[in-house]
Each structure stands twice: as structure tokens, then as C-alpha cells.
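Sharing a structure with you now.
Every chain is named by a letter (A, B, C and D) in the order it is written, and numbering of its residues begins at 1.
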Amino acid sequence: MADSAPFGNYQYEIYLKGLADELPKLPIAWDALEAAAAEKLDAGAHGYVFGGAGAEDTMRENLEAFRRRRLLPRMLRDVSERTTVTTVLGQELNAPIVLAPVGVQSIVHPDGELAVARAAAAQGTTMIASTASSFTLEEIAEAGGPRWFQLYWPRGRELAASFVHRAEAAGYTALVVTLDTWLLAWRPRDLQGAYLPFLKSIGIANYLSDPVFRSTLADPPEEDPQGAVGQFVGVFSNPTVTWEDLAFLRETTDLPILLKGVLHPDDARLAREHGVDGLVVSNHGGRQVDGAIAALDALGPIVEAVGDDLALVLDSGVRTGADVAKALALGADAVGIGRPYLWGLAVAGEAGVTHVLKNLLAELDLTLALCGLTSPAELDGAAVTESA
Amino acid sequence: MADSAPFGNYQYEIYLKGLADELPKLPIAWDALEAAAAEKLDAGAHGYVFGGAGAEDTMRENLEAFRRRRLLPRMLRDVSERTTVTTVLGQELNAPIVLAPVGVQSIVHPDGELAVARAAAAQGTTMIASTASSFTLEEIAEAGGPRWFQLYWPRGRELAASFVHRAEAAGYTALVVTLDTWLLAWRPRDLQGAYLPFLKSIGIANYLSDPVFRSTLADPPEEDPQGAVGQFVGVFSNPTVTWEDLAFLRETTDLPILLKGVLHPDDARLAREHGVDGLVVSNHGGRQVDGAIAALDALGPIVEAVGDDLALVLDSGVRTGADVAKALALGADAVGIGRPYLWGLAVAGEAGVTHVLKNLLAELDLTLALCGLTSPAELDGAAVTESA
Amino acid sequence: MADSAPFGNYQYEIYLKGLADELPKLPIAWDALEAAAAEKLDAGAHGYVFGGAGAEDTMRENLEAFRRRRLLPRMLRDVSERTTVTTVLGQELNAPIVLAPVGVQSIVHPDGELAVARAAAAQGTTMIASTASSFTLEEIAEAGGPRWFQLYWPRGRELAASFVHRAEAAGYTALVVTLDTWLLAWRPRDLQGAYLPFLKSIGIANYLSDPVFRSTLADPPEEDPQGAVGQFVGVFSNPTVTWEDLAFLRETTDLPILLKGVLHPDDARLAREHGVDGLVVSNHGGRQVDGAIAALDALGPIVEAVGDDLALVLDSGVRTGADVAKALALGADAVGIGRPYLWGLAVAGEAGVTHVLKNLLAELDLTLALCGLTSPAELDGAAVTESA
Amino acid sequence: MADSAPFGNYQYEIYLKGLADELPKLPIAWDALEAAAAEKLDAGAHGYVFGGAGAEDTMRENLEAFRRRRLLPRMLRDVSERTTVTTVLGQELNAPIVLAPVGVQSIVHPDGELAVARAAAAQGTTMIASTASSFTLEEIAEAGGPRWFQLYWPRGRELAASFVHRAEAAGYTALVVTLDTWLLAWRPRDLQGAYLPFLKSIGIANYLSDPVFRSTLADPPEEDPQGAVGQFVGVFSNPTVTWEDLAFLRETTDLPILLKGVLHPDDARLAREHGVDGLVVSNHGGRQVDGAIAALDALGPIVEAVGDDLALVLDSGVRTGADVAKALALGADAVGIGRPYLWGLAVAGEAGVTHVLKNLLAELDLTLALCGLTSPAELDGAAVTESA
């Protein structure tokens, strides 16, 4: 066979290399994958991972916001040579797509974050490991892929510093500080069954393995698991944290710092004033403030306010290659995906995550090419318009 | 356990105190609770309480109007100390939420308004008792909670004055005068079965117990129930009432007076000119003028017209903590909820109302906190935006 | 019983006079009535009467256009004395509601137009009898109610004049000339079954009874029915008619002339120039040009162009009292209803039409009252707003 | 029978000539026809022909864009004499409707493009034959109807020139160069089953019959079918082609050249600069860039940019006569239909395509007439408005 000319690389494998034999178990259309994942999980885990806050209105609005923007393809540009490689925070990413931090992944699949980390590493995709991971950040790092660490800023600066220094030591190259979860939101699905994995010691591996945390326990967690859980609940979050406290983090690490959960342009400006390196424009996938603005709708004013100065990652509602392209055209430097890779994890563990990543990378590559673009950096406001 | 840091108080009870064992019978998501309530009631009672006027277009529009507004959370503000306490009409409310007046609650549950009053009192929530209650205003007052009295202004000033003076005597601290129900609207569900509780002597307790009303009867209602019903029908409303008549009420009582059902800013201005203290911006939950503007859409112009001078309560369409926050951000001082507490009442009597109140208070508290606010008073136009 | 104070008159009958016993067979909510009518008819008749042109997009849009407008009720106006009486073309109507012309009603119910005419006469509602009626215009006139005659302008001025003079003689007081049906539209439901009542001699009574028409036949229709049908097809419409031809009609009759089917303001201006008295702003209920503008959306520009000079009746999409109020607030002098009365006719003949008329009149009366208005004439632009 | 006055010609046949006996097998309403076609095909062929790219969002948006525009009919113009004849590129078309190019039609029906060509020829409708047809362009030409040739510009100018010269020799009168398919888009339905007809030698007839193509093969395709498929895959598309390469085509043929897939007005300007004759404004029916702007939404800016200079054909989303009229009113010179004729082909082969063409031509004729127009050329911006 002469050439794979009319195919993207992964398409080529699917259509021409018999890969399709595996696919019946792994739906490609995202809504079919979502449905397959739902069948795999019990109601508790399903509600926790795939549900949202309140009436789940912001969950829906996140998706609608993408529908309201339309791509404007350009023709007759040489797109035979393309790349999805992107530079964010001076770091080269294989694509403008990162795995948004999600905790307690072992409720989705026993391999949890380890499966995700392996799949991401194999694709070269940057994974943001959650403080609330089922496995320790060191275990996750063993997969060897590019990785950032998400920080739930705990009560107690010593513990916060310990997490940061462990992340540095384990090779994480950026710190993503979540600002929108000082309290758990009102989530009817979880509340209905009082489903909270932490209370069963799931998702607190980073705490149980932390010397500072352990030093605060009367007994080692191996002997008194519930005591450890109680202590975890007490230190998990610190709603007294304000902008001034960022100086502490800034002094604690040389890693680039991104603030996650920023939706208001004034907060974006404050972030710049306080010396952070980037933002994750996000409403936590509709899991925190129900009724909040769609992340994509929040992006424009933030780009206008700080787009030249801060790295901007957008998450909440990204499903397809077209969504990635739209977010970048509107000014994001990269996007985070959350639920999609968890659907893959639920359905087939590491193979499922690989499936999702390959699909999304392939779809993005093709979207760029068919829009007449050869790299994500070429996406700008000219490539997108509002729906009429 | 050190602290309930990442939890709101009621969440804490649900997740950590085993409260969840009771919950399977009490849905948390509002649409699930609504569905459970529908199963509890016969068609007549269901249509009366949960149906609306005409094609129920305004019922739907009330909900849509909330969907069109989006919250804009702020980050990194110290939200460790918060309150939902609100001052309206110089009265301290436990939250900017009152129970909108609803008549004939005994068709929903035999304990009717008494169950609601007890639940509200226990939570410290202000209940607006309806003139058309199944129990007398004095019986409702026995629950001891904060309470306002809703007046269906009857034909005959003597009877009107009697109601007002009884309310004063029973400790009601404000008078809510309904303006939008001089006639029953065209309600197909009720008309289909000719379902009207009053005709079976339900919802006329305040009349049957009133000395002025009784003095107009040929025979005591105990002897001639149908005669009393007929007399009730004749005096229930007075469509000749105009702005000039408000002077009578103003002279009759020192209680603050709110006019309920105002949707037009010119009526808001007239209300101010006529010396009332507040308004309930409301379309009666879509039960009176089908096709009417959504209450939330009516709010803005009214705030602009009289927002600095009159207390503004909004009802019609409030379902979630996000809805409360949006209404306050748009200028309301408080909201009224109606159907939601009746769903609770239908499903589990007093316990069901308690359930709804606790949920809504908790959700509001968390919404405030996660928006970076520590009190309802901080909600202003900067916290809300139109959907893109 | 002292008084029917809180009730409209018809409500009073329903709630208090046992009328409800009949109602289970006669749904009140319009969508339920529509569904009941659908069950009564075979597919052919159902498709013909209740279907529309093309993809039925304009049928849907007609309804949506009403949803986009919202009523703005006013409070505290004395509404104890009200009327729905309206003056159009110098004629007093019992309400701003007329029965839009619909042909071949015998396919809906054997009593067809006679049942409708009797019901309308009993209510005092003006009926527009169709040229294509199942019974002759003289038979329809026997019901004795107020009536206008709709003209399908035939090929041949002699026949046109004959129809007009017959209508005058039979007491019709206005002429409604349909402009939008020189050709039958593309109606998939009818085409699918080649269902066309005229071909079975239904709906051509006015032709068969006309001396001019009969004079053109080789044999009397009683002997050669198909020959008469063929002749009918040949003369039914005259797509060569232009504005200039209106002078002929103007000279032929002193009846006020309304042009039905006008949607463009320039056509409204031309109508005024050519001396007509009024317009029916209509897209034929979505049965002619699929994709056409909703009649209610067309109304505004037409009101602006000629609203001071011509009587304006709006039809296409009117279902509820709120719809009537919205159309009048936007500048119509009256509305026509079509499908709703046919649903009643299908379900219960004359009694069903009576049911629909009583319901709609009652709902309009209540809508006016609850908007703070005592007559249709008070409805103006201040009573309506766009949905936010 | 005197005359077919109130009927369009094809209506006349249906209603009066018993044609309806055949219709039960051939649905007229487009959604019913679509459903019937879906039942005829296996999942693979169905997904390939009727599915779209990505989440099929652009497929939906294409339809929505037509819903957002409304026709504004005019009255009282003489429409007794009408034509649908249209001149595009100096060529007279029987109507402003062409058959958009679709490849591999033998997966829909064994007669594939031959059935379509015969049906189109019988109606006088211009067919755009695809490079990827199941039969050779010469075989398709034998039907004798008006025809254009769609070019998938291959790798290798010699092969491209061979296709063009064969098309000239076979009587094709315009060249439609597809710009939006240098790579196959991400199409979940096809990928799920690795369904790609080309790999089974379907849709490569023009290659297998081409002397230039055959000269590149080691063995004749009759002996080594898979080798030929491999060679096809290698030459099918050439993503290095840019605007400069158009000069080659311009020099190779005197046929008018249209560029298909243009959505951005700047590309339309570039097309004009590079001397092409027309554009097909298209997003490939939502099969290439998911998330792309609806073709109809892209039309306006392109008309503004080059509408006076280039012929503009619009495809993607056209279903009804109203859609054709809207596109023309917004500035297109003609439209292409795709899926609709394939539904007909799937259901009944040539007879099904004939059915679709007759229906659409009849509906367009009636739409024009009922809008007060006697020819497509009269459609301009005054005939269309945005939905309110």
C-alpha cells in the first residue's frame, strides 16, 4: 500500500489494520461510551463520578455553550504536514489536551489512576493527578508520563508544603491549585445514598502516605482507619484561604502554578497580580456551583483580561475534537477532559482510556486539518463564530 | 473527628451521621421529589396543587427564566464563617426564603398547614399562612414560628378588618395582600373534574371561625355547611378593589404590608405611592394569568423602579439554592417557595417539609460559600449574568 | 348563594352547577382535546383537517410565536364589570374571536358547518362560512348567527358575483377573500393517500347549488356528479387575479371586504390603496406556504403599516385566551380560530363546538380581568412584552 | 375535466390520476422517507450514507439553520404561468436544484448511480457525478441527462487531468472540485465497524477504468484487486493542494469550475481571485468538520463577498421546497440535495429517486407560486426574514 494519504494515522489503523475487531466493546461516539460506562458502575459510583451539583443545570449548560459556537473551516491550505504539539507554561504537550484531575478513580475501575497514568504516558498526554487520588502521587508517577499535580490546599501549611515537595520530588512539573472546592457542593445523587468514597478510606492515599499527615494521628492509619478518615475530613480543605495566601505557595515551590476554578475576569486579574502562571477556567464540570456560567462562556472575558499573560486551560464540557478546537479558537491554550476518560476507564480500564485518548487526538488532528490548519497554534478567533 | 471543614452542616449530618437511612423515601433532587409527590395524590388534588392556568405556559416559563441566568462565582475569599440570615422589613429571617402562601393544604396531607408550620418553626423559616388555609390562622400560629399572614381581601371591610386583627392577635408580623386572584383563573385540570376544595368546606376554616363571617349566616355552619360555603363564595373576593382602597388597610393595621402579584414596574411605583412596605413579585406560580411574564423576568424593571424603597420578595419558579441566589443577585430581598414544600408535605407530612427546608437551606449556604460570599446581602448584579 | 364573585360565569356553571358530569367526554386542555379529536377521525380526514403544508414547520412556528410573547398583568383596577364585546368593521362582535373559515367540515362530523353555525349562533360568535362548505351558504345561514362569507374567488366573474350576491341575500355581513390558496399547497399527508374531499363531491355544495355554475354544466350534477366535480376543479381558483381585479369586487358589493392571507406589510399597504376594509393576517394555519413567517410575527409590521386604517383579524396558531390577548395587545382587532373548533366538532358535533367556544370565551374573559382590563379595547402594547 | 387550475402538475397526477396507488411504498414526508430508507439498509451502509462527522452536531445545525429563516409570501400577483427553470453558469437548469455528488451509491441500491442518473435525466435534473462513484463516469453519462463531474483531486496531475478529460469527453459540462475532503473526517459510525466501501473495491470504478491509474499498477486490478485498492488509497487525495494549484486545473479544461466546500467569505474572495466560476457553499452535509457553521449560515457573508461574480450553489440541509426557496432568497443560485435522493434510491431504486425529484420540484413550484413568484429568479432578500 502506497500511502495513508486520506487517513489520519489512527483512522488508518482502524480501517486498514483490523483494529476494529476490538471496537464493539469500546464505543466511539461519546454518548454511546457514556451509556456503556453507566452500565458498568453501580448507582453510587455512577452518581459520584458522572453526576453534578444541584439540578445539574450547569452540567447541561457546559455542553450547550459548545453548541453555540461554530467552526469556520478554511480551504486549500497545505495540511499534509501537521502537528498537535502545543507549548503551555514553556512545556511541550503532545496536544492541547490534558487529563483534568479526578479523585477516587478506583471506584470507577480497580486500577484507577494507575491505568489512567499508563494510558496517558503511552500517548504522551499530560495527566493532572488529583490530591484525592486512590493511589499515591508517587505510585502514579511511576507510569512515567508528563504530569502535573492538583492540590486540594489542606488546613495546615506544613501539610500543603509536604504535598508540594512530594510532587516536585516525583517529577510533577506544574501545580494546579483548586479554588472551587473548599466545600463539597450540594450533589443530590451522592446525598441520596450518602455516598462519599473518602469515608471508606478511598481517595486519601496521599494523606495516609504523608509523613506530616501521619504525624498528626494518634494511631497509625493501619491500626485506626476511621481515625485517619476523621483527621482527613478535618484537614481536607481550608475555606479561610485568600489571595494573600498564595505568596506562601509561590515561596514553597518553583513549579509553575495554575489556579483552577476561575470564572470571573476580576479573579483572573487578581491571579495575575498575585504572580501565578496560569488558570484553569472551569466550573468543575458542573459539580460545584449549579447555575454557574458555562466554562466556555466564561472564557472570553478572561482571555480579554489576562490572555496575553497567563496560560489558560479550559475544562468542563469538552467532549470532541471540535470542542477542543473551539476552546482554543476562543483563546484557551489547552483544554482538560474529565468525564470522557473516566468513561473509558469504566468500560475497559487502561485500554479504555487509551481508546478515548486515541480517538480524541485523532479527531482533533482531523478537525485541524479539515479546518485548513496545521497546528493548534493557528486556531484563533477567525476560526470560530457564534451560531446564527 | 476534628472538624466538618469540607461540609455544610446538613451535608455533614447526611454523610457522616447515618441520616441517609431515612432518605430513600425522601428524594433530594427536586424533580424526583415532584414525581414522588405526584404518586401520592389523587388526580384532583394533584391537578389543583401542582397544575397551573391555561396551557401551563407560564409555569414552564417561570423555570426557564432561571435557566437563562448564570451565577458568576468568585474565588479565594474567606468563606469559613457564613450566615444565611437576612433582614427583610426590619425582621430577621433565618434565610432569604419564606414559605409562599398556599391554601387548602389538607388536600395534600391531613396535617396540612399544621405540619408545614411545625416544620417551618423548627427551622426558623418564615411561613406565610394563607387566608384559605385548612386550619385557622390561630391554630397555625401555635407552631410558634415566624409568620406572616396572606390576605384574600374579602367583600366587606368589616370581615377584612377582622382577619387582619386576628392575624395581629395571633402574632403574625406582616400582611401579604394577594392582588392577582380576584377571580379564579381558567385551570383546565381543576375544571375537568370540577375540583374545587372550597365547595367541600375545605380551606375555609378562617371564615367559619370568624365572628364577622358567622354573623352574616342565617344558620351556624355546623348546621348548614352548604349555606356557609355559599356565603364564602360570595365574599371570598372583591374585584372592585383599587389602589385607593389600600388606605383602609393602611389605617387598619400597623403591620408591614406587602402586595403580592405585582409584575409591572408601574404597579410597583403605584404601590410605593400608596405607602406599602413591600412587594411579592409573583405570577402565582403560573396559576393565574397563563402567558404572563416569568416572575424573574419581571423582577429587573421592578428593582429599577422601587428596589431602593420597597422590600421585594420573589416567588414563582424557585426550586434550588442557585435559584435563590440568582433572584437575590437580581435584586430580590428574599424568595418564596411554594410547590417544593408541598411536594415534601405530600410525600411525608411534616418530615417531608423539614426535608425540603433543610435541603434548600443547605444548598443555599453552599451556593453562597462556593460563590465566595458569606451572606445573602453580598449577592448583587456582579454575581449573575445572562446565558450567552 | 350570595354571588358568583370569584368565578367567571362559565366557571361558575362548571364548578357549581354539576356541568362537570358531561366533561369527561370533552377535554378542556387544548392538547387533550386535539388528541381526542385525532382518535375520532380516520387518517384521511385527520390529515386533511389537522395536517399542514410541507414539513409542517410553519404549523409549529405559529404556536412558538405566541410562546415568545408574554403578558404583563396590571393590578388593583376595578374589574368587576367587564365585557368581551368588540367592534370590528362597525359591527359589534360578542368577543374579538371569529370562527375562521374551514371547508368540507362534513368530513369531521356529519353535521359539519350546520353544527358549527348552530353552536356559534347560540354563543353569538361570528362564523366565517367557507365557499368550500359541505352545506350551502343559505343552509348555514339558517342558524341565524352573525356571519361573514369567505370567498374562494373562482374563474369567471359571473360566478364570483353570484356567490357574493347569494351571501348578501343570505345575510352575511362581510366578505373575506382568500388570497393564499390559488393553488393547493404541497401537503404530504393528503398526497400520501390522494385524499381530496372535493373529488368525492364533498365541499362543493355552494357550486352545485349555484345557478351560474349549473348553467355551465352539460348535465345537471344530479345526473353527472363527476362532470360537476370536473367543472368545479376547473373554476375553483383563478391564479391570474391581481390587485387590479379587486375593483370588480368593490363594485359588486357594499359588504365590507377583508383580504385573507396577507403577511407582508407592503401587501397591507396595497390593500389599503385598493380600498379594502380589513385584512386577515394569516398563513392559513400553516397549510399553504410551509416555511412562512408565523402570523403573529407578521402582525407587527402590518399594524405599523396600516393598523390605523384597516380592520385586522389574525389567525393561525390561536389556542388559548392568552393567545387572543397577546394578538390584540400586538394590534389585532380580533382573532380567528380554526383547528380548535374543529376538534370540538370532531369529538361531539355541535356540543363540542359549544364547549370550545364557551371555554375560550371564559378563558379570555378571565385573562382580561386578571390582567386588570375590563374590555378587549384596553389591550395595547403595554400589556405584552417579548420573552427575555 | 376543464382544467387543472388549483393543482400543480404533479399534484394533479397524484390526486386525479390514481398515482396514489403506488405511494404507500414511497413516503412523501421527508422524515417518513428517511425512516423507510433506514429500514432498508444494514447498519454499515446506513451509517456511511446517512451518518455524519463527530457528534453529528453540524448535521443537526444544518437543519436548524433553515428553521431560523421564514418566507414572506406576497399576494395577488398573477402566478398562472410559472417556471422553475434557472440559469447557472450560463447553463439552463430545469430547476435551481442539482443532485449533490455522493459516492459509492451501490451500497444503497445495486443500481446505484445508474438509477440516479436515469431518474435525473428523465426529470431533466442536473446530476453531479462523484469521482468515487460505483460506476464509471462514462456509464453514468449514458443516461443522457445534464451532468457535472465532481473531482476528488488525486495525487498526480496526470491522473487528475485524465479524470477531467474523460469527463469532458463524456459530456459533463462543469467541474466541481471538492476542497473539504483531503482527509476522511472522524465518523464514529463508520469507525465503529471499520466500514469503508473503498476497501472492498466499491466506489473506485473511475480509477480502475482509468488508463493513467492502471499504468501505475504492478498488475491489472482484475488480477490483484487489493493492490489496486492500495494504490487507490495512496492517490485518492492530495492534502498539499493550495490555491496556486488551481491554475493547473484552469489550464487543463475549459469547463466551468466550481469549488465545493467553501464556508468562509475570505476563501470565496480567494476563489474569485483564482478565476473559478462558482462555489458550492457546503459543509459536506455535516460529514467532514463536525462543529462547522451551517451552510446556510455561511451563505450570507459569501453572497456579500462574491455573490455578483460567482455562481453559488448551496448544499447541506436542504429537505423541502421551502428550503430551496430560502436558500435562493438568501442569494444562492441553486441548491444541491444529497441525502433526500439517496433515501429514494434506498427505498425503491430509480423509481424512488424519481419520486423524490418529482415531489421536490412540485413543492418548489407551489412554494414559488404561493409566495407570489413566477420564477426562481424573483427570489431575493425581500422574500425571507429571520425568525422573531
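Please note the rule applied: contacts are C-beta pairs under 8 Å (C-beta built on N, C-alpha and C of every residue); 3 or more make two chains touch, one makes a residue touch a chain.
Source: prediction; values computed, not measured.
Overlaying chain A onto chain D using CA atoms gives a rotation of 90 degrees, to the nearest 5.
As a whole-number value, the distance joining the C-alpha centres of chain B and chain C reads 42 Å. Centroids of chain A and chain C (each the mean of its C-alpha atoms) stand 59 Å apart.
Residue numbers of chain D whose C-beta contacts span two or more other chains: none are found. If each chain is drawn as a node and touching chains are joined, the picture is one closed loop, every chain linked to exactly two others.
Within the complex, the chain A residues that touch chain D are 1-8, 11, 14-16, 18-20, 23-24, 27-32, 66-67, 69-80, 319-323, 325-326, 359, 362-363, 366-367, 369-371, 385, 387-388.
Interface of chain C with chain D (complex): residues 54-55, 57-58, 61, 65, 68, 155, 179-186, 188-189, 191-194, 196, 199, 230-231, 233-243, 245-246, 259, 261-264, 266-267, 270, 283, 288-294, 297-298.
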